[in-house]
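Each of the next two complexes has chain A plus one more chain, namely chain B in the first and chain C in the second.
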Partner chain A sequence: MTTILQEHLSDAEPLLAVRDLDVQYRIAERDVDLVKGVSFDVGVGEIVCLVGESGSGKSLTANALLGLLRRNKRMTVRGRLEFEGSDLNTISNGSLRKVQGREIGMIFQNPASALDPVIPIGKQIAEAVARRRTERADIRRRVIELVDWVGISDPEQRVKQFPHEISGGMCQRAAIAIALAGDPKLLIADEPTTALDVTIQAQILALLKQIRDDRRMSVLLITHDMGVAAQTADRIIVMYAGSIVEAGPTKEFFAHAGHPYSIGLINAVPRVDGARARRFSAIPGSMPEARNRPEGCAFHPRCSIASDRCREETPELRQTGTQLTACHRADEMLSGLVKPWSTQAVVPLPGGVT
Partner chain B sequence: MTAGAVSGASEVGPESASPLLEVRHLVKHYRLRRGRLPAKGHPATVIRAVDDVTFSIDRGKTLGLVGESGCGKSTLGRVLLRLEKPNSGEVAFDGDEWLKKRGNELRHSRRNLQAIYQDPLASLDPRNRVAGTISEALEAHGLLAGRKERRERSVEVLESVGLTAEIGDRYPHELSGGQRQRVTIARAISVGPKCLVCDEAVSALDVSVQAQVLNLLRQLQETLGISYLFISHGLAAVRHLADEIAVMYLGRIVESAPAEQLFSQPAHPYTKALLASVPVPDPTVEQVQGSLRGEVPSATELPSGCRYRLRCPRAESICAEVEPDLVSSGIQHAVACHFPDLGHRTSVDLLRSRSGESSAARNGIEERP
Partner chain C sequence: MDRVPPSLRPSAWSRWINRPGLRKRRFRANKVMLTIAILFLLLMLAWALAPSLFTAGNPSATNPLASLAGLSARFPLGADQYGRSVYTELVYGAKVALEIGFFCTILGGGVGGAIGIFSGYLGGKVDMMVMRGIDMLMALPPLFLALIFIAALAPTTTNEIIAVSVATVPAFARVMRGRALEVRSRLFIDALTVVGVRRRRILWRHVVPNCAPPALVLASINVGTAIVTAASLNFLGLGPSVVTSWGTQISSGQGYINKEWWISVFPGILITLLVISVNIVGDWVRDALEPSSQ
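The block that comes next holds the complex of A and B.
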């Protein structure tokens, strides 16, 4: 599996190579697989999107990368996490701390809870800057530079403000400034715009792209919104129930998505363009709990085209056209023989946009 | 409650001629005072959260109310729910003067207007089982006297929102986000409301679950004939549910139109910017990301003239001087802008790919600074 992936992966030289990542959780004397056999690369200067619903294991994958699961005694992380010549899964805690926040920065969904409520944002950014610089004037200059870079207007004034005095969008920009303080090579962004207005979301996504362009920084963006992924990513990785079910370059992925789950996620996004649909194309049911994942393909109970084989045999990730798909019926779908979710047709309304 | 009882909406009968909810010139200002003592000579700062808003919702119909954080859309919802006292304005609900109701009369009428909010975990009692939570709502409104009847009714509404009776024995923390939101919907409809205020009801849910909940709301509307005031910061979710959409900016409605018309012919630059900021799940559609500059300015220091002019690419000197009124610009279409776009450029054109399908429209985007 790993070999196919390597052939397939981006043209960019890899900065991060995740191989056969497993995360297990010990509960009632039993090990439950939360993440299983996840392998992917993030190239230099590339934006890779991990897409999936809550419980798909996308955030756990990111947390495992940063060693955030180490302290949890019930969690076991296996696999190789190669980053700049070292394996993040096996390096010492001391070496890991040098990577956290410096080589790899991270931002989270809720910026207000990622910031300290009783410290002005400028000071919080300065704390992050001080890990690399010592001179006060130098730190101050760098803080203003960062604040300006992430698009916070009136930096001199803003740095004195507390998180509760500024909007959610500004908090997220401050959190990004902190993540960028160490000049990281990789930025992990876990649902960075989910808590924000769509207008501010558009601004933050534009900012992430601009940062990537400025510094050739790599971004691992985690989202449940295929709209965000389509507009931001170079490559898409779809996760379901702890495993990768489909991966490919963005354009090809959206043109030839070969997994019913991917197609379901794309269809579920309410659109402002095109015809108005009478019904939303929802994926029925919900993500199974890690403890009782179904036999065979984990997605089969929710899938509209599941066959007997899907109920018995777990599909492997394999090359289908331009991407990798873990679905027994991917070939049939790509050749147009079967179509998932076809019952939920889009009915244009009279007077609507055609 | 069963599928097939689609006639519910039309059963409303003769009353249906007048709108269910009519809001006229509603104003809600908050006075803000810094420090404990009123400063002499300094008038208290005023936040104009809702500033002269007028709209109506017909029976069995949905009004989508859209705007960014801080535009006053939630305050408006709270005023309608009688959780906040407005400064002025009138609200007619189901033929009555809604704001004049007091005491018992108000309490008895409250069941007609129910609410669902963004975070279902916060609006459910963590120590009460789901069935208990629903029974409590029925009890609070004095609807069903017997414990058994209430229990039966809670099972009935749980089933009508697509949950099983067995969910009734669970606690909120044992449910998924989508299931929790279904429970709050079940609780809201259990008392037989005529109108639901849905304040960001799907914003906290995964996209796939959002679709399920929106479908449920639509289906409930078809079977029960409830009206919705659907408040959201995003236009996309509103589009498929709403019959009419009102776009709000800093306390004012800046554009209102039938849903499809708003999408096909957005006239206000703010509406256009909102449309352009919704990410489209198609990478060949090239979007001008971050096209809307800056954030909503503070509601305490409103700009002179048009409230939107500081972020508007088309603003001219008149915009700083005169505040535009909400005027009709077509059938049921109203816009508050000195330079509305009344052409026939559609939202599709605004977003169309660079593959050359609509180069004129594309140029239209690029012409604007």
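The block that comes next holds the complex of A and C.
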């Protein structure tokens, strides 16, 4: 499995290689798998998107990368997180600290709460800049440069303001400035646009792309929004119930997704073009809780084409066409023998026109 | 209105309590009270800093001829059994009261707050052990705690401050630990960790400043509590015996309360006013720093 992933998941040389990542949570004397057997690469200069519903384990994967789960004694992280020759899962806290901020930066979902409310944003950016530079004038110049670069107007004034004095979009830009302060090679963006409105969302995504192009930086973008993934990603990885169910290059993925869950997610995005105009449909049911995941394929209770085999045997991730899919019936779907969600009720858009 | 059962209709009492315009009136009343409280505190501060400006007498000058003299031009608030002017003693006692209130809050609040923040931020076993210790102290009423300490130490002003400070430690430790736990779990702490900021720096530069607002509120209210605790110790005769304080004044007037009431009543009124003023200002500080609690 690992070899297939290495060969096919990334054309670029890998910067980050996650192998068989497991995250377990100890609850009532029992270990519950929150993330299981996740493997993927992020190549140099590549934007990889982790997509999935809430609770699919995407944020946990990101938090595991930067050691944010280390202090939680109930969490166990297993597997290899290879980054530039070292395993982020096993290196000492001291070595991890050298990677944090300098090699890998991270931005969070809620920009307002990711900034310290009692400190002006300029000081907070300076704190991150000080990880690489020591001279005060140098730090100050770099702060202004960063603030300007992430598109905050009037930098000299803005750096003196507190997070509550600026808008959510500005906060997220400040957070991006902090993440970029140490010139990281990889930026992890955990739902960076979820708390922002659509126009700001588009600006932030454009900014991420621009930064990628300027610096040849890699981005691991975590989102539940297929639209965001389609706009931004080079490759898409879909997670469901703690495992990867499908992975492939963006264009191919949207052209012929091979997993019923991916297809369901794509269908769930309202579209204004093509045959699906003015319609969208939702996947019935909801994600099973981590402690009582079903036997076999975790998705089978919600799947419209689940067979007996799906109920008993857990599908492995394997090559199907241009992507990797963890579905027993992927081949049948690709050859057009079965079509998921064909009988599903179509939800009309408000307005009554269908 | 007809369909609402009688039990759910607003009672006359609740209608009166929520009568229109009351909020506004209450707000205005608050402002008046706050102004009075601040003026009173300023007066006490002036007494403490420059007592000789307010009274010509000497607080410890006894005069057997004036023993138990009533209210007069010479003794505006009467004289005690040794012929000392109650008013002069009150003016000189302000310094003792404010000193106790201020230093005990700084010392006790500082130590208690530090214990609480460290304990909450570090968490785990350290936190558990420290907090069990604090629980033991909390099992005793603060006055009793102070009493134990002053009884074990010599009755000097410094020791009294130490004893009252010890009594304020548990409350501060508890509140600050709760705050530190809450701040520690906030997203920006993760964001700082991810940038590679050291834990010690996160504690000093980020956790401590975020714990400041509740600490200030608690401190401003604690000043009054500390004054009462110290006055109680003095009343019980456990405070420093050579210094005149309001607590010792009340205590010495005990036997005369039926006829020569002024010896005990005036210091009592002053302690009450001081504590109420401090609490009013404390409430105002809380409203200013934590608008959500209104």
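To be clear about the criterion, the second predicted complex is superposed on the first by the 334 of 354 C-alpha atoms of A that agree within 3 Å, B and C clash if a C-alpha of one lies under 4 Å from a C-alpha of the other, contacts with A are read in each partner's own complex, and residues count from 1 in each chain.
Throughout what follows, contacts are C-beta pairs under 8 Å (C-beta built on N, C-alpha and C of every residue); 3 or more make two chains touch, one makes a residue touch a chain.
Not measured: the values here are computed from a predicted model.
Q: Does chain B (first) or chain C (second) touch A:V32, or do both, or does neither?
A: Once the two structures are laid over each other on A, A:V32 reaches no partner at all.
Q: So in the superposed three-chain picture, is A:I91 touching just chain B, just chain C, both, or none of them (first/second/both/neither)?
A: Neither partner.
Q: Chain A residues in contact: does chain B have more, or chain C?
A: More residues of chain A are touched by B.
Q: Please work out whether A:A206 is in contact with chain B alone, chain C alone, both, or neither, and reply first, second, both or neither.
A: The answer is first: A:A206 touches chain B but not chain C.
Q: In the superposed arrangement, which partner chain does A:I144 touch: chain B (first), chain C (second), both, or neither?
A: So A:I144 meets neither chain B nor chain C here.
Q: Touch check for A:M75: first (chain B), second (chain C), both, or neither?
A: neither
Q: Thinking of the overlay built on chain A, is A:P270 touched by chain B (first), by chain C (second), by both, or by neither?
A: Only chain B; A:P270 stays clear of chain C.
Q: Which holds for A:H224: it touches chain B only (first), chain C only (second), both, or neither?
A: first
Q: Report for A:V338: first if it touches chain B alone, second if chain C alone, otherwise both or neither.
A: A:V338 contacts neither chain B nor chain C.
Q: Tell me, which parts of chain C touch chain A in their complex?
A: Residue positions touching the partner: 124, 186-188, 190-198, 205-206, 209-210, 212.
Q: Show which residues of chain A lie in contact with chain C when the two form their complex.
A: Residue list for chain A touching chain C: 63, 66-68, 73, 97-102, 104-106, 108, 110, 113-119, 127-128, 131, 175, 178-179, 181-182.
Q: Which chain B residues qualify as touching chain A in the complex?
A: Going through chain B, the ones touching chain A are 68-70, 176-179, 206-212, 214-215, 218, 233-237, 239-240, 259-261, 263-264, 273-285, 287, 289-292, 294-295, 346-348, 351-352.
Q: In the complex, go through chain A and note every residue touching chain B.
A: Residues in contact with chain B: 53-54, 153, 167-170, 197-203, 205-207, 209, 224-232, 250-251, 254-255, 264-266, 268-274, 276-284, 286-287, 349, 351-353.
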